[in-house]
Each structure stands twice: as C-alpha cells, then as structure tokens.
Amino acid sequence: MALAAVCELQRSLVARIERLHPQARVIQNYSEILDDPKIDAVLIATPVSSHFSLALAALRAGKHVFVEKPLASSTEEAMQLADEAHSRRKVLMVDHVFVYTPAVRRIRKLIDEGAVGRLYYYDSVRVNLGLFQQDVNVIWDLAVHDLAIMDFLIDERPTMVSAIAAAHVHGRRENIAYLNCFFDSGFTVHVHVNWLAPVKVRQTLLGGSRKMIIYDDLEPDEKIKVYDRGVDDNDQANPMLQFGYRLGDMWSPMLDRTEALLSAVQHFGECIYSGSAPTTDGRCGVRVVQMLEAASRSAAMQGRPVPVEGRKPAAIE
Amino acid sequence: MALAAVCELQRSLVARIERLHPQARVIQNYSEILDDPKIDAVLIATPVSSHFSLALAALRAGKHVFVEKPLASSTEEAMQLADEAHSRRKVLMVDHVFVYTPAVRRIRKLIDEGAVGRLYYYDSVRVNLGLFQQDVNVIWDLAVHDLAIMDFLIDERPTMVSAIAAAHVHGRRENIAYLNCFFDSGFTVHVHVNWLAPVKVRQTLLGGSRKMIIYDDLEPDEKIKVYDRGVDDNDQANPMLQFGYRLGDMWSPMLDRTEALLSAVQHFGECIYSGSAPTTDGRCGVRVVQMLEAASRSAAMQGRPVPVEGRKPAAIE
Amino acid sequence: MALAAVCELQRSLVARIERLHPQARVIQNYSEILDDPKIDAVLIATPVSSHFSLALAALRAGKHVFVEKPLASSTEEAMQLADEAHSRRKVLMVDHVFVYTPAVRRIRKLIDEGAVGRLYYYDSVRVNLGLFQQDVNVIWDLAVHDLAIMDFLIDERPTMVSAIAAAHVHGRRENIAYLNCFFDSGFTVHVHVNWLAPVKVRQTLLGGSRKMIIYDDLEPDEKIKVYDRGVDDNDQANPMLQFGYRLGDMWSPMLDRTEALLSAVQHFGECIYSGSAPTTDGRCGVRVVQMLEAASRSAAMQGRPVPVEGRKPAAIE
Amino acid sequence: MALAAVCELQRSLVARIERLHPQARVIQNYSEILDDPKIDAVLIATPVSSHFSLALAALRAGKHVFVEKPLASSTEEAMQLADEAHSRRKVLMVDHVFVYTPAVRRIRKLIDEGAVGRLYYYDSVRVNLGLFQQDVNVIWDLAVHDLAIMDFLIDERPTMVSAIAAAHVHGRRENIAYLNCFFDSGFTVHVHVNWLAPVKVRQTLLGGSRKMIIYDDLEPDEKIKVYDRGVDDNDQANPMLQFGYRLGDMWSPMLDRTEALLSAVQHFGECIYSGSAPTTDGRCGVRVVQMLEAASRSAAMQGRPVPVEGRKPAAIE
C-alpha cells in the first residue's frame, strides 16, 4: 500500500499535508481520485453526514473503502453501502478503532477462554471537556465507540436500546447522554458520554460470574485489570441460603503497544489482498448504526426503550 | 442526651453492646422503651420494612424519632409518619447521613453563593462489591443517598424519574441500577448504583455553567475539587458563532473532619430542644421515598419515565 | 489473656479508659502493676525515653513485656533489656507492627519462594504532615518502621548506615531524613521520612532480578503489586551484548484483613504460653536500635557512613 | 530560523530524516556544517562524551551552539566551552529542558512572589524502567534534570553535594542513585533516580514555610498542586509552646501547554538575534556539571559530602 493522493478542501492544510507526504498528490476534486485507475482503495475521514455519498461514489467507482465511524448517518444509508460493497465484491471497512486496540482484543480473548464466565454487565464512562461536534451529538460521536466495542466483544445482539440525552448549551447538540442496551440473556449495557465534564475519563467495567474487568484506556501501562471477585451463587435451588463473597487476586496482563489505527489499516490491506471480510465490515457498521438510530429515537421519548431494527441487509446474508 | 436503653433482638450482640454502653439497659422488648416516660427520643436502625411500624409506635407513644434512610418503604407510609409527627408536634428526622457531611454542606454553600452558576447535571457513581440486602434492592439501599443529597442541594423538584435495574444473581434482588431524574429547568440527574463491582467508587460530577465539581467521597483529603472549566456560551443570539472553551484552575477547599453521624444526632438533639424542624424532616423523607417509588415503577417498565407524585402531606403544608 | 489494669498518668483520659474497659482498674502508680502477682505481662506504650526503665522494672518483677517500637533509646539499653529477658526466661517482644501486617508477611513469602530473585533495592517513602515528637526525631519515629520491615524481610545485616537529617522548624527536632543501609551483597536500602509533607505517602519499592514489588500501605485493596519487569542480564561474560528489557504482567495478591496490632498481641500471648521467642524479640529490637543509633551518628556528620555495631547481646547467643 | 542540514552517522535513519525534513541536507561529515557560512547555529544532540569536542569546534567555527544536557562530561570541559563562547561573543545554550516547561516556570513565579515562603526542601523522585545509557550513569542521565531545575528555581548555590549510587546489573553503569545538596541556609535537596523501577514516577515535593507544592510531571492536567499546609512556628522565642498545624486549601493553577523543547529553541533564536544570554547559558551549564562531578566523587566514597567547586569561569565574570 502506498498513499497516492489526498483530497483536502481546506486550503490552509494543503502545505502541511504536502510536507508530510511529499510522494502524494494533494487535490481538491474528489472525482480525480475516483477516476484514477491506479487507485484501489479510498479512506474517508470526513464529517458523518458526508460518509454515505463519498463512500457510495467510491464503491461505484470500483474502489475498496475504509470509513471512519460511524459508517453512515442512518440505517438506510449504512445498509445501502453494505449492499453496494457486497454486490461489487469490494471491501467495505468501518474504522471502529477500539476493536483494533490490544486492550479490547485481550478482553475478547478472556471472554472467549471462559475466564470471565457468564457476562453480567458492561458499564462505560467516556467523558471529557470535548469538542462539540457540528453535525452529530455526543451519542453519535462518543457512544458509538462503546457500541462498536460491545458488538465486537459479544455475539448476542440487543433487543432494545434506550437513551436519555440533554443539551445544556444553548443552540448546541446534546452534550450528555446515557444509553442502555437490553439483551434476552439478562446482560446489560450502559454507556455514559459527556462533552462537558471537567476531566477526561475512559473507564469500562465488565462484570461476569467468574471475573470482573476494569478497562481504563487512560492508564499508560495497566489498561486492563482482571479481578477474581464476585458472588458465588452456589445453590441456585435454595436462594435463601447465604451465598459467599469471593475476594481474590487482581491481575493486569501486559499488552503490546501496537497503534490501533495502524493495525486497522493493515487489516484493511490484508482483506483487500485476501478477499476476506474485515472484522468491522459493512454489516458490523450497519448493526452499530441501527443501535445509534434506536438510541436517537429513544432519546426523543425521554428514554422509552426502542426495539433495534432486526432486518439484516438482505443481499449479504 | 444520654443513651438509656438499647433494644436488640440478636442475642449474640447483647454482650458487646453491654460492654460498649455499660450505662444503658439492653432489652428485647421494644415496648419497654415506649412505656418508659424518662425516654424522650428513639433512634431506629432496623431493616427498611420495619421503619414504619416502629416509628409510628414511637411517635404515638410521644417520642421524638430518628430513622435510618429511607424513611419508609412506601410514600403512603412515609406520609403517614410525617403527618403523625406533625400532628403530635414531635421531631421526626430521617438520617440522610450525607446531608450532614462537610463535603455536601460545602457543595451546597458553593451553589448558594452562585459559584457553580446554572446547574447542568449531577452524575453519581456509587458502586462496590456490596452486601446484597434482603428486603430492598440496590436502588433503595444506595441510590437513596444520591436522591437525598440532590434533594438537599437543589430546591427544584423532579417532574419524572426513570430507572433501569437488573438482578444478575439468581434469586436475589436487583444489584445494578441506573436512575434518572428529569427537571423542568433542564437540569439532569443520573445515578449508577451497583453491588457487584470489583472496586469501590463514590464519585459525583456536578456540572454548572460557571464551575464543575468532582466530589470523591473516598479521597482522604481532597474530597471536593472545583474546576473553573466549561464552555462560554457568550452569544446566545447567534449559536452559529464559535463559543470558547474555558480551561482554568482547580481548587480543593479544606473541609473539617466532623463525623457526619455525630453531626446528625446533634442536629436531632438541637431540634428537640428548640422545637425547630430538622433539615431532613419527615417531608424531606417523603420526597425521597416518592422518588424511590417512582424509580421502582419505572424499572418495572424498563425505564419508561414515571411522574413523581406531586401530592405533599396535606397536614403539614 | 484479659486486661487487668491500665496505668495512665493523664487524668483527662481516665474516664474514657474506664468506659472502654470497665473490667480493668485504672491506676496512676506503675508499681501497683508490678506488685500484682496475678498480672503476668505488661504492655508498654509510652514515650521512647521511658521504655528502658519501665520495661526493665517489669522484667525484674517477673513480667513478660511487650514494648512499642523502638525497643529503647540506645543500643546499650536495648541490649540490657534483651539480656534481662533472656536470663529471666521472660518473653520480651517489641511491637514492630508492620511485621505483623498481611502485606509484609506476603512480601516475605514471595522472597522466600524465590519469586523476587536476587534482591536489588528496598526504597521507601514514609511522609506526611505529622506530629512532631518531643523526645525523638523523625528517624526514630518513622524510619524505625522500615528498618524493622527490612530486618524481617531479609537475613543479611547491613555493614554500614548513613543518614542525612534536617530540622526546618526552629527549636524542633529533625523533621526530614534520608537513611541508607549498605550491604556486602550489593543490596541497597533507602528510606525517606518526613513530618512536613503536604500529603501522606507510604510507598515502598522492592526491586529484584525476577520481580519488582510496589507496596503501598494506603491502598485499600491492592497494597501489593508484583511486576514481572526488569532487565534480563543473560550473558554476564559479555556485558557488551545488549540485554533485554522484560515487560510482563502485574499481579496483586489478595491479602487477608487481619488487624496487625491484634496479630502482634496474639503472637505475644502464644509466645508466653509456648515459651518460644517472638518474631520481633529482644535481639531483633537490638538490631533495629543499632541501626537507628548508627543513623544518628551519621546524620551528625552529614551522611558519612557509620559501621553498624556488630556485637550481639552476649548472653543470648 | 530554518533547518539547513542534519548530520547523522547512522545510515538507517537517513531516509526517515529526509522524509521529515525534505528541505534539509542530510550529511555524514560534521565539517560540512562548520564550513558552511550560511549556517549560523548548531544544535548538538549526541552522547555526552562528544558534547565538548563538537561544541568547541562549532564555537571556533563561529557558530552559536545549543547542546543537550549536560553541557559536558567534566567541569574543565564545560568551563572551556563557556569561556570560548564568551570570548567569541557567541550564544552557548544548554538544553535544560525542564527549565522551559510551563510547570517549572510557574513554580519559579510562586517562589518569586513569596507565596512559598522560606524554602525548606526540594525532594524529587525520577524513576522508571529506563534505557541503560552506555556512556553515563543514572546521575548524569536523570539527576541532571533536578539539578537544572533547582539551579533555576533558587539563587543560592549548594556548598556540598553527596551521592550514593549502585549498579545492580553486572557490567553496567550505576542504575540507582540518591543525591543530596547542602546549603548554608538550611535548605535541603534530595533526588532519587532509578533506571530499574517497575513504574514511571516523576514527582517533586517542594516544602516551604507558607506553602507546599507537589509537582507531578506525569499528570495530564494538574501538574502542580499548591497546598496551604504546614506548621506555624509562631513563637520562635519559646519553642516549648505548642505550635499549630495549618491545614488549608489546595489549588492547582492551569498551565499553558507550550512544548518545552519548542520554547527552548525559540529562546535560543531570540538570544542570537538580541545578543542576550540564555537563561541556561554556559555558566549555568558549568554549575550543573560541577554538581554532577561532586556527586560522582561522593558516590565513590559511599556518600561522604564533597564541596562543590566554587571557582566560576574567570573570563565570563
């Protein structure tokens, strides 16, 4: 893979891009990229509202496409992109970047090995004094990360989503939100996102019947701590019997320090060469957008739960 | 004030109480206390379900009453207690113990002085690997603290409450819950309580237009941190203009180290002598139980918001 | 064991002691205790300068003796106490209280099992805004803890001790000190103690060839963290070859929550009944006082190392 | 200022430098730089042992010189460089990089304003699992930072320096050291540096009669915390009177986020244009090397204090 061209509309950035990437053309006309037969793949890092049209044009021009999260601004659009990629046999990958971090991969491994046991809850706090986005609210900007992580960690799909959101600054989009996912198994997901917090927090609790995990993305070394703590629910037949509290060791596995975005782009390249589907392919992008959309609908009803649209993109089943 | 008698049914504790309080009688029959004309006041620290009958009997016997939180297990009962105390001119105080901590009192002072500005949100995390209660779930055991703090900090009353709760251990009450309060002013309250977390967290964020506060009750010295951070929303007429981010100093006021329970009991004594109403009187206890009840109803409907019963105890208005 | 009598000269404390220990006599005359044949053992918790005379009198009166750290204010005195206890076959125990904590015991176990490997260094920070003692400086008040821990953890004795100390408050004893112990094996010990620090710190690093340990006594749960990190010094024959850095997992063993003072007193009782020597017996007390004395001599010479007096109490060898 | 040429002997790095700095020549022969009349200034970032010859040659070639810390590997060499720069009227600046951080500059301001009061102590811990340097030990690699900070913060010069150092890895330089500086005023400085610690720590305590400061360079936002805590030594005439402990607020000033190296290079440029002396000029570099040299001599004598050479570079007085 080599960088052939960069399309940048903001004139003030052109010089800097040229200095960093002297081998690449810097252009203002997106169609130059689409028309260039030597370009195989396109990476789209633009405001969410433009993902759909840019990605669709690229797929139709026969390019493989890598899109920043979320895949699109509606389920309808996301499904159309997934369908288009499928019918044209092109790789469509959405950059759910945390899926490519060593921390999240390690948690997935711990779940797969059975170390965590039956999953109880996923609880995430993702807050900071953050940039108010123009075209999306805090759910689409920050909660999308947790939905993508959750989609990667567990196979079960939520039946319903609810969300509460508030806009505290006049004339601005919602800056604080609380999002829940409901599952048939009893697993619960909760996400707190906030652009108006005094300090930055990135902390996730994952509770299971065998172990509990704290994942703190701001810790330089000990991002994951695995606690052998919980309640031993020995005698399910007789709940009146006292159960025991388990207070065991804590363990923090060393993680490699691979840069997630680099891993993601390499994965994209490998999928192009091998023809295999990326971990975070179009279908995955659709699932996350479906949850975001349900969250938006719920937030408009002060948190009434909303069913997650079950229909999967027909063409790719 | 002096301790005259302790009523303890658990035989194994009697010796220990006698050793700690050699001047007090240790009895098994509650009516001995009610019948003793030299006893002016009764402190009730029993399971929630017994608060109502024990407190009512004490009030009817002409005693002043101090009850652990929450005041009772239903609004109906709580209101009856408040009415009874009012009509008999006895002091009824509910032990919302955080209201008597130097930290919460200092936050109230900051709000009153206008330092915090317009209140945006109250967000609290109160989790640990905790004792599963037999007669109440985690909302009535832990979220009650935040409802009591919030009731003390702000004058506005919520219009609706919603809650989501889940029981992850077979045959046990709900161990995890997320509770929201909705206010006409746009202020939002969120509380996360959990008996099944690997570590103990007691952290509250209070966001306002002028300052943001982090209150961490586990910090030995710096329980309160006041941040001069936020978004300056200068031009409300033209929201398209960029607003500025404010990144100022942090300040942690020294707090005195008074023991909250001691302050609460002293306050109870002063109210008896002066005839004044306690800060956390029967009406306050009713308000908190109303919110707890609304939360329980909402939790049964997966978080649909429920109006908080507006009726105030008629007799005491 | 039962508490028979408490000798307390401060009148203001008598009532409180009587309330807490109604079964014990509270007296002002120490000889009443020594003369009472029903009293077998004496616990001495008084200023350091009085340890020697009080303990000696008790041993001579045929009592077993438990003394707060340090055993005495000079090697000479400490040795005389050890000799006296030995010749009278009485138990003399010094309350090096950290030796009886689950954390220090666990570290000892890790060392004994070989998990830590060859010991490199012990580095301790023990600072806070503390009570300036009247009769001892910060070395005898705080560094004594680390010398006692080190004496327990390792079998090697230091050959030399050095210390630097400074008194920053007019007319007061030294409030800050840095103490070093030198060992033939190359192991190094460093202790920083300070009564004039803004916050409380109790943190010890223990470096070894196989593992490194952080022991933080203020952590509620994770007091010990064991790191699989270091430098692999594979080819000692050819130091020019690059060695490898080892960056492995961290592990925090769960510790029981036994109260150290309780464990110490129980151990004292067991030694009386069994006739065995306590872990922190008179000889141990002598060793620690020898190091403290060497530290004081070094501090008077701005840190010139001073040999630790090698002579062991003759009678007990 | 513009980058004209980079001299890099390591072939493997040449391509990367060329990509990052397409406008600069990448050469292997240092004299090409010295001979180029269009080059006014040279930045030297090489192993310590080469600083002297490279800087001297540059000064003799009429260049202004910016050298990484420490200025040279001996006082003799450092003084010769300072003299050379002085006599040729060239700017010689040593990159004591922490002197150009917003945090250290703010601490200096607090001292200058009198907020800290009389200075009691500076205590610094600078440890991590670090790269063992080939040509210098941990004192010359890490403690140099604290000596440079201290030289900037206070005007008093130490009379003596002592140090203890140990090499725990066979065939390698000292990886752990403790360094002290002694001052006539009673101010004390202590520095703990370690290449073999399990975690990274960068924490400095600065104690004064009015305020105490904690400076933690790893904190993202609150690098400086100012505590209104201490001991009020009111009645110096009668030290037997109890003094009072002061337990006041903590305050963390917001710091700007200027990159220190950038500030340093800008300062270098300004000094060239204006002809003024840099904050960290040759004399400053000499002072720090004098302390490093005294520390090395002391470490060879297990911490016996060594006077700091008082002679200042004659030519520049």
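Should a chain be cited, it is by its letter among A, B, C and D, assigned in written order, with residues numbered from 1 in that chain.
Operating definition for what follows: a residue touches a chain if its C-beta (ideal position, glycine included) is under 8 Å from a C-beta of that chain, and two chains touch if they have at least 3 such contacts.
Fair warning: this is a prediction, and the values are worked out from it, not measured in the lab.
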item: Shared chain contacts [chain A and chain B, defined touch]; value: C, D
item: Chain D against chain C, contact positions shared by both copies (same if over half, else different); value: same
item: Chain A and chain C: spacing of chain centres that average the CA atoms, whole Å; value: 53
item: Distance between the centres, which are taken as Cα means, of chain D and chain C, whole angstrom; value: 37
item: Rounded Å distance between chain B and chain C, as computed from the means of their C-alpha atoms; value: 44
item: Multi-partner residues of chain C (each touching 2 or more other chains); value: 199, 221, 247, 250
item: Complex interface listing, chain B residues touching chain C; value: 19, 22, 199-200, 220-221
item: Complex contact set, residues of chain A against chain B; value: 120-121, 123, 125, 127, 129, 132, 160, 162, 164, 166, 168-172, 176, 178, 180, 182, 186, 188, 190, 192, 194, 196-199, 205, 207, 212-214, 225, 227, 229-231, 233, 236, 239, 243, 245, 247, 250, 302-305
item: Chain A - residues contacting chain C, complex; value: 221-222, 228, 247-254
